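Each remark here refers to the structure printed beneath this line.
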Amino acid sequence: MRSPILDYLDSIIATTEHVDSGSTADYIPELAAADPTRAAIALCTSNGTVYASGDADHEFSIQSMSKPFAYALAIEDHGLEYVLDRIGVEPSGDAFNELSLDPETGKPRNPMINAGAITTHSLINSEGEKTAVDRMLEYFGDLADRPIRVDEAVANSELATAHRNLGLAYLLHGSGALPADPTESVTGYIRQCAASVTVSDLALMAATLANGGVQPKTGKQLLCRRTNRHLLSVMASCGMYDAAGNWLTTVGIPAKSGVAGGIIGVLPGQIGVAVFSPRLDAHGNSARGVAMMELLSEDMGLHLMEATRPSRSSLRETQLVSLVDGTEATIYVLQGDLVLSSIESLVQEIVTHPPRTDLVVFDMSRVDEVMPVAERTSSETAAKLIEEGYRIIVVDPEGTVENFADSHGRTIERWTPEQLSDAVR
Amino acid sequence: MRSPILDYLDSIIATTEHVDSGSTADYIPELAAADPTRAAIALCTSNGTVYASGDADHEFSIQSMSKPFAYALAIEDHGLEYVLDRIGVEPSGDAFNELSLDPETGKPRNPMINAGAITTHSLINSEGEKTAVDRMLEYFGDLADRPIRVDEAVANSELATAHRNLGLAYLLHGSGALPADPTESVTGYIRQCAASVTVSDLALMAATLANGGVQPKTGKQLLCRRTNRHLLSVMASCGMYDAAGNWLTTVGIPAKSGVAGGIIGVLPGQIGVAVFSPRLDAHGNSARGVAMMELLSEDMGLHLMEATRPSRSSLRETQLVSLVDGTEATIYVLQGDLVLSSIESLVQEIVTHPPRTDLVVFDMSRVDEVMPVAERTSSETAAKLIEEGYRIIVVDPEGTVENFADSHGRTIERWTPEQLSDAVR
Amino acid sequence: MRSPILDYLDSIIATTEHVDSGSTADYIPELAAADPTRAAIALCTSNGTVYASGDADHEFSIQSMSKPFAYALAIEDHGLEYVLDRIGVEPSGDAFNELSLDPETGKPRNPMINAGAITTHSLINSEGEKTAVDRMLEYFGDLADRPIRVDEAVANSELATAHRNLGLAYLLHGSGALPADPTESVTGYIRQCAASVTVSDLALMAATLANGGVQPKTGKQLLCRRTNRHLLSVMASCGMYDAAGNWLTTVGIPAKSGVAGGIIGVLPGQIGVAVFSPRLDAHGNSARGVAMMELLSEDMGLHLMEATRPSRSSLRETQLVSLVDGTEATIYVLQGDLVLSSIESLVQEIVTHPPRTDLVVFDMSRVDEVMPVAERTSSETAAKLIEEGYRIIVVDPEGTVENFADSHGRTIERWTPEQLSDAVR
Amino acid sequence: MRSPILDYLDSIIATTEHVDSGSTADYIPELAAADPTRAAIALCTSNGTVYASGDADHEFSIQSMSKPFAYALAIEDHGLEYVLDRIGVEPSGDAFNELSLDPETGKPRNPMINAGAITTHSLINSEGEKTAVDRMLEYFGDLADRPIRVDEAVANSELATAHRNLGLAYLLHGSGALPADPTESVTGYIRQCAASVTVSDLALMAATLANGGVQPKTGKQLLCRRTNRHLLSVMASCGMYDAAGNWLTTVGIPAKSGVAGGIIGVLPGQIGVAVFSPRLDAHGNSARGVAMMELLSEDMGLHLMEATRPSRSSLRETQLVSLVDGTEATIYVLQGDLVLSSIESLVQEIVTHPPRTDLVVFDMSRVDEVMPVAERTSSETAAKLIEEGYRIIVVDPEGTVENFADSHGRTIERWTPEQLSDAVR
């Protein structure tokens, strides 16, 4: 049986076939020569399964989609503060190839415009024999879980026409914003951009960002959690250049496009997506790629601001029961993920209607996951009840609140579901 | 028992007491005279419970925090397209009181800067006797669930020093971007900004946005879902003026600040928050308010890009059982929210390991909610199985997949949990 | 006999008849309705004779050509330093109706753009019953040597559509650059601009500037010499808005245009000119007016950088003669204007070939005028000769070097031309 | 006897000795090391005599003072139109090292900022073996009338730190504004700037510009008259970078400064000046150099807008005489330079008071020079008189109106002064 998910991706390719406006990047001969009719889409879940449709095996250069990953590597090399001292995080409102230095600090506005990306590249350490480009390719390889190499034809084509980037680099160097050698920085940056990938590679790379920095197939933590969060924020505000606000309102996915026609998108906690089609619109983004992303976002409710629903109360029901031994007990049956907004209804119930039995049971059999602040708040609630003389029993077969304890560090009494079952019978 | 959530808010007030930098807004006499030591915080859950600490009953003027709500009302009055034709959604990179017109279209860059907000106000319809300001106050009242009135002293103080806003309005009028009368528009806008609120009011207003546009106490749909999503996107990219990128990376909550010292924040699907303290930093945001928001975001994991966890597989377990009548059956036990990224593992399992029994049961007793694309994908999976000769039974006590049907529209066979229980026993 | 100068002006009107591009100012109804085929030219010499051709009696509003005169009046009222503290003198590179504040000082860039001109108007003092506008009109009257009044229809038409100027004024007021009331300042400025003039009036006004600030007909000093020089410099660099550089290279005359279709030009020391034709080019300057000015500049060699010729040596000839009484004498015959560059050749001659006779005569009968530095240098030369034992006699029938004295203050011996004549005979 | 002009220059050096603010150019090591106490001044008249004081023999690099001469050479090579198509003439309002492209045309704003100067250099043709730099040096040599060579130490020092200029050049190349190779253009430009000169050289070079393009010592026409006029206009509006307006109002001389501490100034038709002192002010101009120029301008009345005086009437007197033969004659005695504004009074006299004798004599013995438009106007006046029956005789011993003829091409009767003398006697 063919996966219905593949059918769905096929339908996106088919539905967007009429989008044939725009043209291939004209300032890099090798890109200008790309077949404009190609199109591909891939999607990768948080467990690492990749679904792809269209020209999914076609390799093209990663271009500016390399920028977020280079930024991540620079942060991993030097720490966030060091990098923030050199490159800003504010949207520029300018085209990608403008200098866009912050007038007060002289820093490139953000790492997603070329000036910031060249500076970013120069911050990647070399290690022994390995150059910054080698390390970048190795990092791409770890993200995509296969070796990634430079497309030398593309790299050479770009190097021959890299005047604007050289101009930016020399100006950055002249103003002190780029301490490294300008020509070397641009050469390295261009080779980084010429890394050859497929939509499937990109979907896996994006899925790593969706997955809190953990590559979903290999389980390697390739970005620390904070770097990952920071990176997604920067992609959300600066990833689509001068159309950032429009992208965020309509598609609503942190994303990055490349001039070869690719776009990656990340829905935190859910999936990574990648699309490809070489014709570019006026903003330099793939025209058909944007159409595919819009469709995906709409169909799948992927918009960052689209709360699937107000989070449900964690309190499923309150039962007042007589136990087998004749004791009266109040049982709070909890459910779902415990976050502050859901745990609040439980706390509220207990505060306004204190249990009328001495014995209080928290049944967490249906609980999925517990956020720190929810754990803290609920354990403090339990502690307060104990102080007021209640006897508290926790039923937690999945061990979601293993550290659940009162404020004096005393462990709270626990039952298995069977014990509860037997007691209630 | 005092709620631990209140204890937590108290601790935020206490922890930020040392933040006494900045000064009250100096260009509006009435605001300059505010008591700089005041501080308040409030939080409202999606069911409408408000928790507040500090000077929670102190009223202050809503100022620029009125902008998102005015924008919402203008969109409700005219439709999104009409408003987008007149006001952009791109971050300006300029201070809030710059003209910041888009050089190509001549539109104000976004509705969160003053130029855009004055234009926004002018788009609010009057209705019979009700002026635009009357309607705005009524809307504030619906959002806060209590009558909201203008602080006339603040309004008069601002009107007397509204030179810059008058300047913007006349320039907008001169360029055609503001067809309405400039003086009237500014007067109305200033009265809108002078609406008097508490942090509790603001938390409820923010919670409405967190709640998909539904006021959590009254249940009224005050913004349609799409407007709400659009509004949150604009707040995320333009809400904190020229520090938008920095705010998104560090706090990561769509937010809006006001010059009287308030800040509201919205975490979609979860909570609305509001803080207040009159001293402003260099960006015109409440200095202590920013500190409180940072603490909240950090403690509570509220950052938009902070995926609580990779979403779990919807497939809890696969059981191969002999029914009472001797039939062999494959039971897929599903759990949690069904979104594309979670349903995928079920589909994947079925595709790669087709059921080895003719009878296939989907047990959805533990399922919470089902997204459209997940429903579509899983119903197509079921349809494919039926076509291949399988007998499909759905156990769905909560009715989460009521429209579950095969692609020929035939309803799928359903069992109650008790039927399943009896059959398996 | 008709003056050949009038014939020449007629020929300019005729030659430019084909220039019918552009259109009348569209944002002021009263100006938009002007007859686009009208054309006029006038020229005024430094003795106040006016030559005019075309629609020379047609009155139109002075508009921005009022700016230099208002600037002059403000300087006369407050002194140059006071005005320079409030309004800059740098070209803006922006259109005339941009705010164009200096980013460092917050001052309007120059008095020729609207923001600077509104501020300028607000600096004109009222005097008892006389408002600033009254004084401005009186000043125009002194310059044109006839009463000048406001065209109320034009003033009202502009006041009704003065949104952009009001916007600028409120922004200036808000930023502190315009302490006066914004609406009053704009109203006054617009009435100043609506003053009704003919090309003949304007030519006389311009001639006053050409004449070092002295009205050539009445002989009144209407601007002090330094203000006049300063004003011409500002007109040269800022008078033609964003086309200042192009104007200076091609026409090369300090000038100012008005949106009703007039342009005035000043050639220091020579003439004032004015042209009129209502159709405006893309820069807001009269299209046919520019053509007329270009022709004038070309034909008459009026370009500021067009040195009529390298200045001639002041030393016409050196004569060695025997006087009637047998004395040998060296006679230096001087000519023309004595400026440093011309006197230098005399000094040079004396330094390299000291007179070989004890008696030295400077014959200044052919000398026209003597600049201070030339007088100083030549008197020091004479003093040095006296110290070296020479007897010096000056023949100066026109009294051009009345203060000619040696460095000890001793008066130098003088002869009349007749005395010289008799002595030489 | 020492020339009083040298004494005067000495006094300028002495008077400005206290001006010791600013510091040497810090971004070029070789310039940073200059002796900051050096100072020199030189002045060159239109006959080529150079007066110099201070460190007049000290050689320093020409730097940006090379820009006007390179611009002249490019225009001589390609014609003005070709160069105007590639480089604008508008002041930029930016610092000298900003890119400052015209937003509409993409051209560098003017040839005096670095971007425009690099493009200018690239337009200088090579000729056979001679590179553009060779030709530039040869041109400098022609202007200074001695061989000029590159200071290799300065050139190397600048090449090593030319990042900003390389940045500009690559951006220009990338945008198509600089077709030539960026590195070669910058290398050539830097060598051009490293040409080693003294203030005496510079004064001679400036004097060539003052002299209508004719080198005053050699008499070679090094720039055509129109190029010279154009160049001076560009220097006036763009020569002093972002302080152009301030310079024009206070000093009022077309000028150009160099970062090594030199400034040249040109007063059309009179003199060229050059000053030198290495410490620079905030605008990058020599601080003491500016002070020296201000003093010169003030003392010598060199301000461009400082009309020495309203030009005198050309009509010295009108004599009504009886000739020896009994004929009555009207003699118009003319004087000075005949320009339109002076000839006008003669024409006016004749028009309003037609001669009452048949014989009319124009005595031009005291006339210095005649401008074309004056010649045309006066010859037409004569022609009109002939047509009305008058007999016209011209006395023109200096041949100033050799082509004087009536409108039918008939030569007008001429007398020598002696003939007139004899006739009147």
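Note that the chains are named A, B, C and D in the order they appear, and that numbering of residues resets to 1 at the start of each chain.
We adopt the following convention: a residue touches a chain if its C-beta (ideal position, glycine included) is under 8 Å from a C-beta of that chain, and two chains touch if they have at least 3 such contacts.
Because the structure is predicted, anything quoted here is derived from the model rather than measured.
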Which chains lie in contact with each of subunit A and subunit D?
none
Separation of the C-alpha centres, subunit B versus subunit D, in whole Å, is 68
Counting in whole Å, what is the centre-to-centre distance of subunit B and subunit C, each centre being its mean C-alpha position?
65
Taking each chain's centre as the mean of its CA atoms, subunit C sits from subunit D at a distance in Å of 20
At least two other chains touched by the same residue of subunit D: list those residues.
none
What chain-chain pairs meet the touch criterion?
A-B, A-D, B-C, C-D
So in the complex, the part of subunit B that touches subunit C is made up of which residues?
99, 163-164, 166-175, 182
State the interface residues of subunit C toward subunit D in the complex, per the touch definition above.
1-5, 7-8, 45-47, 49, 51, 88-93, 110, 210-212, 214, 216, 228-230, 232-234, 236-238, 242-246, 248-249, 252, 254, 267-271, 299-301, 303-313, 335-337, 339-341, 344-345, 347-348, 350-351, 354, 366, 368-369, 371-373, 377, 380-381, 384-385, 388
